[in-house]
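Shared chain: chain A. Partners: chain B in the first complex, chain C in the second.
On to the complex of A and B.
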């Protein structure tokens, strides 16, 4: 279902994925998801799994930047399994310098 | 003359003398006496002298005839030799002229060809320069802000602008999303106020109810409860006022929430930018740079080809010009021919001067003896011919460009 935000956590790692379009409409769920995950003190690895994501726009990029600021030095953020277009968008935004893209 | 022939002529010329001599001998044998002998001897001697003189006269006559013949022939020869000399001189002069013409034609042609070839080469070089400057011009774009740039710096500019644009988009998106988060928080807080207003409503409802009960109790107490009834009435009024204020607050909250929604929508519009435009621009710039690189490589290759061809032309022209340097050799060969002509002319003049000196009568014995003189001159001429022949032979063996040193 598009717009669905799925969270899974395993010990010190949390994985969030957005299904379909990652845009302004999911902003509330996305924020709720990571705010909840940040309550875990043992958190070390934060993973955004783009496999079910088809499209991102600039609002998604804004949200990721806010997330990065919010987490600070508490944990590392990985962006994984991006498709070609999403990868190009992340590259043109120089996100490879800010996030661990795999 | 053979010995037998000489013998025959001897006998033929002195026949009479011999016959008389034999006769005298016969007489002497048969009639030996001194007188006969002496007479016989005298007769024989006389006969001998007579026949000898006769022979001598014959010879002289023959000699004179022969000399006359020779003289005639010699005159005829001299005349013919003079004529030949004149003819040969004429032909030799013509030959000299024609050699001169050949030389002049060759010189002119060589000069012309050398100029043409050199002209071709400088034209080829000129073309190469034009091609070079043409390729350099193609590598540059038109002026940007009055500065000539090339494709590379143009693409760098574009990439910088692109990066700036992306950064701007990200800044606006991030700020907008932060704004949205703040609005969400405010929404939560205003919702809390709403909950509190509900509590207030409950309280006012309760208060209203209590005041109503108080009024009823006051009415039951009669006059003693009249004062209490007034108080209860006032409490009800206050309670209604509180309700009204509560409603106004609720209305304000609703309006505030509406404004926040509008702000949120505006923030959404600002935050939402499709990144494809930026992606496409970047791709276009990248593609253009690849094409430019290919074009530059192609042009460099073509330029190298053109330069190569120009080099080839240069080499071929060099060869041609070098091959044209045979004028020196031709000049020398023509000089040799001229020498031969001069030698021939000289020979003829010797012949002619020899004939003339004989005609005018010579005081000098040697000059008169012009046949040995002529033979000597011929020998000298032959030696001279052999000398120049050796030189001409070695001339053929020289490589192009070599010149014999005088």
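On to the complex of A and C.
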């Protein structure tokens, strides 16, 4: 279902993924998802899995920036399994300088 | 206007205990029976004995439910029900028909004329109470929906006002751009009622055309808010002669400060300098800026190598620009990501490759812009656009002669005529402070254009460094003859500066008017014993040593340069 935010956690790693369109409509769910994840004291690795994501826009970029600021130095953020267009958008905005993109 | 919308809101009955019921019945006995029942249930009632009276009472008393007899004089129940439903409009007031008939056709007619239910005689208290309660629940639901609709309409009004404000602001910003630039073509297609992509441009006093092309995150008011400080800084600094490097730093600082995390501006800052034949581009977050030749082929693509404006703190910001020579470049094509991400009816994206194809297939450079506009419009077809689309073409035309003449006149009027500044630093101050920025800030303050400042910076750096290194530290330039020696020299320089305690360097700049313009006189004096400047100051040509080029370079930029006395004083003249 598009707009669905799915969270899974294994020990010190939390994985969040957004299905379909990652845009301003998922703002609240995304935020709830990472706020819940941050309650885990053992959290070391934060992974955003883009495999089920079809599309991101600039509000998604904004949400990633907010997440990064929120996490601070508590954990490392990885963006994984981006498709070609999503990777291209992240590269044009040079988010590889702020995030670990795989 | 807002006030009247609020006043129209009805208050919702929390429970069914306060219903006002209109009884429309011409038979006296029935009136009494029904009113007694209604009173017993716990509601209030009003009575009309015909349809006409009922309409009057309905309008005046605004009941929440109607019990309607069918057969009445003057106006019957069917007609009255029709009229009442008309009066209600979108409000829901339940009408329960009272009828002695059991014929299906007659009962159907009751519903058709606006009745929501029917009760048959003889009147049964339990049944009447149940039906009134059920209708009451439906009434409550409808009232809630009507309220929510009114609230939504109110919010919609607010949103439209904000969009209107944003559009006003954007227009005001854009209108401020320079008027006399025929070499720009711009096409924009907005998703909402206006595009959040910003384009502003202005000429610098030195004749460069500065362009700021930006795509703010968000739409409407969110994008307009960032556009205000960005364009303010752009215009003010361009008119003062600042470079796009310096402008990028300031805009980033402002946006980083004012905008919340998550709001930023993917932007391109472009400077087209036809006098000095170069193009300078800072691209942070836009798709590649494409330089095309006269035959329409792609000369170069300047990709985004920076983060968008407003993301990074000032200390992390990278303001380096890419510089390409203007020769062979017909013009630049810049566009927002909405263009390459536009989708056709099959969901396929136009893509960067698609755009390059269109450019390649255009007949010649002047046709490229229209080719792209036509192609994108066809590609999208009837699909509603998902993002604002903007396309900008900057032709690198020669500036018209009148503009050059006007610039020259403006410049000679703008720059202060006669000034002087003298800075005197002792050795111990030199340990901690670099005197050069003081002088450069001064030159900015007296509005020396950026190009002139760059050259003067070179001259001053060389003369001051020479004063420090030869005069105060007594370093030997011949060490610099080998690469290893070069390193050693600068190591000694750093150590020497750390240990400086005595001595001084005096720097003096004075601008005086001369026929045809202005002249800046430079004087640097140090407390050292001087050096043998005759042998060191060889010409640039054929100089392959690592030393001595500094002074030769400075000399080549000045109209005159002379060392005096023992070599601890140098005087130079720089024409503006």
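The rule is short, and it goes like this: the second predicted complex is superposed on the first by the 102 of 102 C-alpha atoms of A that agree within 3 Å, B and C clash if a C-alpha of one lies under 4 Å from a C-alpha of the other, contacts with A are read in each partner's own complex, and residues count from 1 in each chain.
Here, a residue touches a chain if its C-beta (ideal position, glycine included) is under 8 Å from a C-beta of that chain, and two chains touch if they have at least 3 such contacts.
Quantities reported herein were computed from a predicted structural model and do not represent experimental measurements.
> Between chain B and chain C, positioned on chain A by superposition, is the outcome a clash or a fit?
Overlaying the two complexes on chain A (C-alpha atoms) leaves chain C and chain B clashing.
> Applying the touch criterion given at the start, work out whether A:61 contacts chain B, chain C, both or neither, answering first, second, both or neither.
Both partners, chain B and chain C.
> Kindly classify A:98 by the partners it touches after superposition: chain B alone (first), chain C alone (second), both, or neither?
In the superposition, A:98 touches chain C alone.
> Determine, under the contact definition given at the top, whether A:89 touches first (chain B), second (chain C), both, or neither.
both
> Of the partners chain B and chain C, which touch A:31 in the superposed model: first, second, both, neither?
first
> State whether A:6 touches chain B only (first), chain C only (second), both chains, or neither.
Touch status of A:6: no partner.
> Where on chain A do the contacts with chain B and the contacts with chain C coincide?
57-59, 61-63, 65-66, 85, 88-89, 92-94
> Spell out the residues on chain C that touch chain A in their complex, using ranges where they run on.
215, 217-218, 261-264, 266, 284-287, 303-308, 311, 337, 341, 349, 352, 386-387
> In the complex, go through chain A and note every residue touching chain B.
23-24, 27-28, 31, 56-59, 61-63, 65-66, 85, 88-89, 92-94
> Quick check: in the complex, which residue numbers of chain A touch chain C?
The contact residues of chain A facing chain C are 57-59, 61-63, 65-66, 69, 85, 88-89, 92-95, 97-98.
> Which residues, counting only chain B, touch chain A once they are in their complex?
Listed in rising order, the residues of chain B that touch chain A are 162-163, 166, 169-170, 172-178, 180-181, 184, 268, 271-275, 278-279, 282.
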